[in-house]
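Note that the chains are named A, B, C and D in the order they appear, and that numbering of residues resets to 1 at the start of each chain.
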Amino acid sequence: MTEPILELKNVTSAYGRIKAIRDISLKVYPGEVVSIIGANGAGKSTTLMSICGVLKPEAGEVWYDGKRIDGLASDLLPSRGLCQVPEGRRIFPRLTVEENLDMGAFFRRDQANIEHDKNRVFQMFPILLERRKQHGGTLSGGEQQMLAMGRALMSRPRLLLLDEPSLGLAPLIVQQIFRIIREINETDGVTVVLVEQNANLALKSSSRGYVLETGSVVMEDDAQALLANPDIRKAYLGE
Amino acid sequence: MKRALYLLSVLLLASFVVAGCGKKDEKKAEASKAGITIGSLGPLTGQYAADGNDIKNGVLAAIEVMNPEMGAQGPVNLQAEDDACDPRQAVAAANKLINEKATAVIGAYCSSATIPASEPLIAAKIFMITPASTNEKVTERGMPYMFRTCGRDDDQSKAAVKFMTDQLKSKTIYIVDDKTTYSQGLADNIEKLAASSGLKVLGHEHVNQGDKDYSAVLTKVKAAKPDVFYVSLQNSASAAPMLIQIGRMGIKSKILAQDAVYHPQLIELAKKDAEGVFLTFGYTDKTTPAYQKFADAYKKYGEPGAYSAYAYDSTIAYLKAVKAAGSTDPEKVKAEMMKLDFDGASKHMKYRENGDSGSNYVIQVIKDGKFTNYWNPENGELFK
Amino acid sequence: MDFFFQQLVNGITLGGVYALVALGYTMVYGIIQLINFAHGEIFAAGGYMGVILISWLFAQGYPPFLCLGVALLLAMGYCALLAMALEKLAYKPLRQSSRLSVLLSALGMSIFLQNGLMLTQGVYDRAYPGEMVQGGFEVGTVMISYMQIIIVAVTVLLLVALNLLVFKTRIGKAMRATAQDKTMSGLVGINSGRIISITFAIGAALAAAAGIMVGLYYGSVRYDMGFVPGIKAFSAAVLGGIGNITGAMLGGLIIGMIEVFAAGYISSEYKDVFAFIILIAVLYFMPTGIMGENVDDTRV
Amino acid sequence: MTIRASKLWFGYAVAMAWFYVLLWPLLGIKAAGLEFAASFAIWSKVAVAAAICLVLYQVKQAGAFNFLTKPTERVGEAASAAFRRVPTWLSLAVVLALAVIFPLFTERYAHDVAISILVYIILGLGLNIVVGMAGLLDLGYIAFFGVGAYTYALLSVHFGLSFWLCLPIAASFSALAGCLIGYPTLRMRGDYLAIVTLGFGEIVRIVINNWMSLTNGPNGVLGIKPPGAYWFNGASLEHVWLNHLEQLYYIILALAVFTVLAVYRLNYSRIGRAFEAVREDQTAAELMGVNTLRIKLLAYALGAVFGGLAGTFFAARMQFVSPESFTFIESAMVLAMVVLGGMGSIPGVILGAVALIALPEVFRGFELYRMFVFGGVMAAMMIFRPKGLWPAKRLGARSEERE
């Protein structure tokens, strides 16, 4: 198999004295959709923040695209194609929709391609075109999620980290979001890491999955296998 | 670990303070054996720092002149303290000077610092000679060792009003002050005197210290069209922007100011807007040998400020008295101080019973970028 | 009525200066929630740079307006560098600490800079070369000096430029994004440290311009000249809704007007009391200032 | 290691170049022409000093000083262990005893500084109630000090009331002023509160400065009586004025001890916990049934009481008050003591007061450089000890800080 695009080697991160994740190791290969599932407080978001340099790991290494990136400032990563849509969307509330999208392409200088990508995002999420002059803060939750994903796509990512894209959204919108996740994975070849509490939905859209419990990886398998695993079904799929 | 560190740091700090005092005391103990310590008190920092430095430099110049003459009593040392024109710091500095065994203090500048600082100083039988605080109260509290080399506000206001009625023949006047013990005291005196001498007071406005924008007040003055606009501000730095804005507004009234704004920098800052401004100031004959001696000694500190010569004379007076008394014993020096009678740089030096040395205010005018004597209230004649 | 118009002219001039200084407070506050006490000292440094550069250029025999323009630009650049150094040295190490710690650090730097100016420039006022801008004209009996025109013109020019910068350019958008969410702006590739630095620089450049204007208008500068306008401008920034650019402009104008009209019609001794009472009254009824932060997006 | 070192020196080079660019225009551009000597002289001194610091730092990082630091560390640890074994009451007693005998072996000037420190300790502890405990930023605290001082000054001069009687009167006046100031600010949060309190502080000062008929304006009030006492001189009770520095020292020491005890008790009382609740999360406190409006008013009033007490003493000690003692910079100083010492911590505030009053006095030798050095040291202390010299044990962020 090819080299992994993202690899975590025994990463430990902490908030102050409290260790949020311990000794996490995982691999993501190009073109995959990988889910990380787990309960509240299992350390899923912490893992993503540790990858993106928002949180500096206390121990362990993060490798991306053949280079070590732990300890790098978070703002250096988007230009290398590593992009995150964090939990709670984090739209810039007092920037317009269009400005929010511009921010996604902040490090890019190729104006023509940016315009092209913006049009593509508008095609993907027509509602954003309608609301392009509106402030990000005035959008509904679903629209904000679309905007957050659109903003991430503006950086032409090669690896997209999605944190709880379904949180607090109506089922119909969740379906739409997941359809688009699959679309960007399949047509653009973007590798996706999906963090979800909605394990069922996440595993169905992905090829592989990791299960986190109290800050450690407890299981790792093909998505189908995980879906079939009785323990998982009991713990995360409500059976 | 941490607590111990803190404890250590506290002890260190405490010992720092104690040691700091102790060391100084030793040093001064030696110094008092070897000579005389004079303190100077004035604002070396803050808004009035310029004036405080003038005083300090005046004292320095005097010490330099007197040192060779002091013989076995010398040398004379200066301990310059900063009061920032703040009463609290003035009292602290006074106490420090008492500690340092100063026998006389030249200062302070602001009347509001001089008055509280004088309490501990006089109680410790230390001479306090103010070269700059013109408020009447300074010498009217029955303090035996309090002296004043400059004039008094009540005399100054008399000269100013006399000038307005007799020389300028004006009918109306507008007064502005910036509310310090000194500037407002003077302005109030003017207002009272003006009313009784037939001058009509069109308005009396107050501005705040440190203000630079006087446009609102000046608009009022312009509308009132007084014959004379009396400007009583604490120092030249406040007066310069006032004059500039007067010029810019096109106010045609004659302008009369007082001694606090006397400073070379007034002309330097206000430039042509300072031309033709009258001010009351203690008469100083700059042609006397005493003044020349002062000017030579002061040269290295720049142009003398309003109170440099008074500070210089205050120091000279004290040192002369010490020399005559043969010791720094307060009683003996006081007796000699009262006997002093000599020509100082600023004026003829002779102290009265209450510590005042008399006022000799004249009217000066700023002409061709210079302060020039203009009119003498004593005889009502113009200077030649 | 003339009296009124004359005061209006005075108020606009003073308000313009406050607005320029207030912008620095508001921009820095918007981006790192710090009341930058040292901002008044940057303003004073600008005034000094003005007097130093103009005296020098003037002595070389350049025409007055060229001197003024060059000095303005250079002083703005100087203060931008000064503010960036200040930020790196005294504020950046405290980014993770409590806001009061940074506030105190700012206070310390304010004392430090003020006394640094005193030590290098002396305690005396420094005069601007007086022949720079003279005279004025009268409309009816209302006197308008050329200096006032220059102040208002420069102020308006800078405000327009700032608005364009903040709302139309890439950097401006990044500044607003950083102010709104530092973590997220990092995740889209914005180097927030650099943006904060730029914000300080821009605020300082505006303050420097204000310092020169004030120096020219009142004829002189002094090392402690930053303190009072600093407090007034800070009040103006809060009045307008701190963090909000339009608010700071508005607040500056309002504080300038109140001061002049209170002095003109009521009492010049109590003019600051009126300014503060109106400030408190406005905040009592609109606890987040006139253009409170929820109202629109001009928060940097 | 070497990479870090080269980065360090690169930073040094940039910083020094930057410093020169900032320094040179101030000293080198003269109307007469450009010159470099003066600025270069200063610059080279700073550059050398910084280089030495950097080298020392590197050497220390490399562990070359371990032979020195290790033993001192061990000694320090041993000392702290020994210190921990000493019961708190004993160490407090020692500190108190030192404070009591302090005037016996020091001079007048030291008494004066010590009195100033004790006044500011009371002020700091008072402000600490507002800022440290209740988390309300107050930039106009010195106003209460002024109210207390003027209350006693006027009562003493016009009605001849005694110091001891005026202490509670001035304290209640200040408390009243605290409520007046507190009321309109209750709806505001964070920095809006800061500017409003600053405004109130300025209003109080300007009113004192301009209300001639009551306060004598900028001239100040003269002739305030020092504290009096009855002294048994063998035959009868005799009234004496306590105006010697030692006597004043003991009065203010007693007041300070009273303040420390009061604030300590307050800290662990129900009200203290309510303050804490308001500080940590106002909304949650409200939901838990804390009347936040009343608690905030109480914080202002209590803080003001101590300001008033300190003010009364200040007036009696100076025998003179004028508005210049109550400017904004004084408020900032008191706030600096609280933050520098460690918010919410009583020993911290005491330490802060000692540091901020003693430092300028220690630096008096620097003359003109005094405030320059002081400002720099203040910023440096914040940078190296952002939580304060002696941080409080339980203290979270102010509620506005988490957004």
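Everything below uses one rule, namely that a residue touches a chain if its C-beta (ideal position, glycine included) is under 8 Å from a C-beta of that chain, and two chains touch if they have at least 3 such contacts.
Since the model is a prediction, treat every value here as computed from it, not as a measurement.
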Far-end chain from subunit A, centres as C-alpha averages: B
Contact-richer chain pair (by C-beta pairs counted) among A-C and B-C: B-C
Distance between chain centroids, defined by C-alpha means - subunit A, subunit D (Å): 49
Intercentroid distance (Cα basis), subunit B paired with subunit A, Å: 74
Interchain centroid distance [CA atoms averaged], subunit A/subunit C, Å: 43
Intercentroid distance (Cα basis), subunit C paired with subunit B, Å: 35
Shared interface positions of subunit C, touching two or more other chains: 115, 118, 269, 272
Multi-partner residues of subunit D (at least 2 other chains): 206, 209-210, 368, 371
Residue numbers of subunit A (touch at least two other chains): none
Each pair of chains that touches, named by its two labels: A-C, B-C, B-D, C-D
Residues of subunit C touching subunit D in the complex: 29, 33, 35, 37, 48-49, 52-53, 55-56, 58-59, 78, 81-82, 85, 90, 93-94, 97-105, 107-121, 231, 234-235, 238, 242, 269-270, 272-273, 276-277, 279-280, 283-284, 287-289
Complex contact set, residues of subunit D against subunit C: 18-19, 21-23, 25-27, 29-32, 34, 131, 137, 184, 187-189, 191-192, 194-196, 198-200, 202-203, 206-207, 209-210, 328, 332, 335-336, 339-340, 343, 368-369, 371-372, 374-383, 386-387, 397-398, 401
Subunit D-facing residues of subunit B, complex: 1-10, 13-14, 16-18, 20-21, 25, 44-45, 80-82, 85-88, 91-92, 95-96, 98-100, 111-112, 115-116, 119, 135, 137, 179-181, 184-185, 206, 208-209
Subunit A contact footprint on subunit C (complex, rising order): 170, 173-174, 176-177, 180-181, 183-192, 296-297, 299
Subunit B-touching residues of subunit C, taken from the complex the two chains share: 2-3, 6-7, 10, 13-14, 115, 118, 123-125, 127, 130, 136, 138, 143, 145, 147, 214, 218-220, 222, 224-225, 227-228, 259-264, 267-269, 271-272
